[in-house]
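A quick write-up on the structure given underneath.
Per-chain residue numbering starts at 1, and chain names A, B and C are given in the order in which the chains are listed.
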């Protein structure tokens, strides 16, 4: 009996170690397979050069710009939207309506990204094209809008949870002083849950940078450095999806691992910053 | 000045709520309008008789059946890989791990959770090529590799939900069985897990949803546009989300495009259903498990 | 009388011979089992799909999977042993042939044509204009007689054989603007052009249908007839490549493509069969 118990407990431990090693392995594979890039110091060149395969230059600089611009602009749209909606759900809206909105938002988290991309191609892109008369409609703006819709539900739920954690006595105090709902949220709830809000924002940034399908389907995938939000751009994620089919002995393919490393480092950095805010609910114990 | 700010805040949040609801209705409504008409037996089975297709007597061409089956097989495989490891690791984290070790594990799992899906796909692809070159040349990107990669993707979710569900149990429940002489393992299996079943179950359902909807990972690890019903785990296969992506970028005629809408609706329904089930389980299962007479 | 009988026997034999040849097309796959993996050029896909459908319907034990990716992918993957047949829309280079011991099988001829949206008034271009449009020098339709809207250039990735042929023969290896939108296959190019009134791109002639409008280059419209007769210069062969001599299921599939039925499929899908 003791032996079985012991082996089962050992199994738990092994499972945890296995999962941990996968995290390390993923990074390890990227580094090992991309190793030729480090040898000649090319790695850092790659980060600042454009992608011109005909001239032998395989820089991913433009793709980094693409990823960052789409993610940040997406956040610019999503952040106010999410704040407003979560304020509505928690405080400012009528109770029933707030609950309906919350349920809708929860359902939205289940919508696959490929569906957003699909609807984006046929609904949003022609609108953008006709409205702005600049490019083909497949641009940073379209991708950012769709991305904002993608990450808003998670942000809204996160913010809502943070707002709900404000201790009731504080809210009662506002009522006792004769404050209205707007004052409650502006002067008590928001400042108290500032940390939660920032955490949610940073998490959403990570999600936005890591999304592939929306950028692949709607951002146009041009290799030039985008001049404006109406220009076609390529993200690191879409680049990986596009080039995966190339010759894997070639330098071209190796740059995919550079992309992978960059993405891994970005998201790890985000994870680390969020942890340092110490607001992850699963670390309570 | 403050008055203006306060008034506008309320108005602003109303606008946000309306915009969000409007967007959701637009998206779902657009899909339904365009695609509802295409949902019929032909969409799924093409020209093959459904009975022949369901019993695998005949292949289905020009229908969604292989893709639906592929997605189904993918989900079953990846979840079967992920559940044992995820459960075990979650239990370890909640029950056996303390202090600095726990923080380290927790850090790595959080990192794993944050890795973009395409990077996981790239990893899966590299593993496949590595195995192909050094082990057996019969290994290509295939159903098995995709399932493994998807398992890596959902592993952190499973670990996290198991861990959180177990940790959220009240202290007195934890202490009762050991006080009566049960071993730690007996406590876990007979008391703690049944109590946290709803949280764990909803985590499993959400992982299933994640596997069903992911496109980036499978694109790199073995999904193709045409493969028929997968005959073995080492073969290529089709999947619903990839079909939607493929159709959106290259539809040969209006009919094919409409089938894309139909596929999108089917995928949406599957994910919505899974989500509703997870929700239901979370709220109702607790009741049944705890208050069963 | 003797002559008539002789003639009759000859015709019987001829008919019998033809019948068996006809039946032999799919009968090639009688009693075969296994999996066939095909990848590569996207122009080949419609033919591959139809052939696969007929073969799999005839013999349920065979599974054929078809992926795209472009000619470069096809050559690379068949060379690495990841697929059995790698399709390419351009002839593999000598370097590739030597590296992978490729055997090439050309089963159809196709062209690469410039296409625009059917709403576009511009239907003919000179070679210089084409080069300038793709390099970005001309960037508004009004400079060439169209509406006052910017030109949206669409192109393919480096793995594409269609792109390689277009770049070499139509653009004389000129530059393609970095601002061009990328699409991943012939099908995707067609969809993109047909949904964007200000788009221009290039696609396999076999793919051209009512949803896109071909653009005459130097006075010659990219049609199959013109490719066949040699009037339209931007032509290329459709190849299926194998690593070394094909055998088993792979060989049968290639034989099928060259058989009358296979060649008929090729011409139905809009290409010029070699037989």
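By definition in this document, a residue touches a chain if its C-beta (ideal position, glycine included) is under 8 Å from a C-beta of that chain, and two chains touch if they have at least 3 such contacts.
In this text the structure is predicted, and so the values were computed from the model without any measurement.
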item: Pairwise touch network: line, ring, star, complete, or other; value: complete
item: Per Cα centroids, the chain farthest from chain A; value: C
item: Contact pairs, highest-scoring chain pair; value: A-B
item: Chain centre separation in whole Å, for chain C relative to chain A (CA means); value: 39
item: Where chain B and chain C are represented by their mean Cα positions, the distance between them in whole Å; value: 38
item: Cα-centroid distance, chain A relative to chain B, in whole angstrom; value: 18
item: Multi-chain contact residues (two or more partners), chain A; value: 122, 248
item: Multi-chain contact sites of chain B, meaning residues that touch two or more partners; value: 249
item: For chain C, residues that touch 2 or more chains besides their own; value: 184
item: Complex contact set, residues of chain B against chain A; value: 5-7, 9-10, 12-17, 19-21, 23-24, 26-27, 30-31, 84-89, 91-93, 95-97, 105-123, 125-127, 129, 152, 155-156, 159-160, 163-164, 167, 183-185, 209, 212-216, 219-220, 241, 244-245, 248-249, 260, 264, 267-268, 271-272, 274-276, 279
item: Residue numbers on chain A that touch chain B, as the complex places them; value: 5, 8-9, 11-16, 18-20, 22-26, 29-30, 33, 80-85, 87-88, 92-93, 97, 101, 104-119, 121-123, 149, 152, 156, 180-183, 185-186, 206, 209-213, 216-217, 237, 240-241, 244, 248, 256-257, 260, 263-264, 267-268, 270-272, 274-275, 280-285
item: Residue ranges of chain B in contact with chain C within the complex; value: 57-59, 61, 132, 137, 140-141, 224-228, 231, 235-236, 249-253
item: Residues of chain C defined as touching chain B within the complex; value: 35, 37, 39, 42, 45-46, 49, 52-53, 56-57, 60, 63-68, 80-83, 183-188, 190-192, 211
item: Chain C partner contacts - residues on chain A that touch it in the complex; value: 50, 52-54, 122, 126, 129, 133-138, 220-224, 231-232, 234, 242-243, 245-248, 252
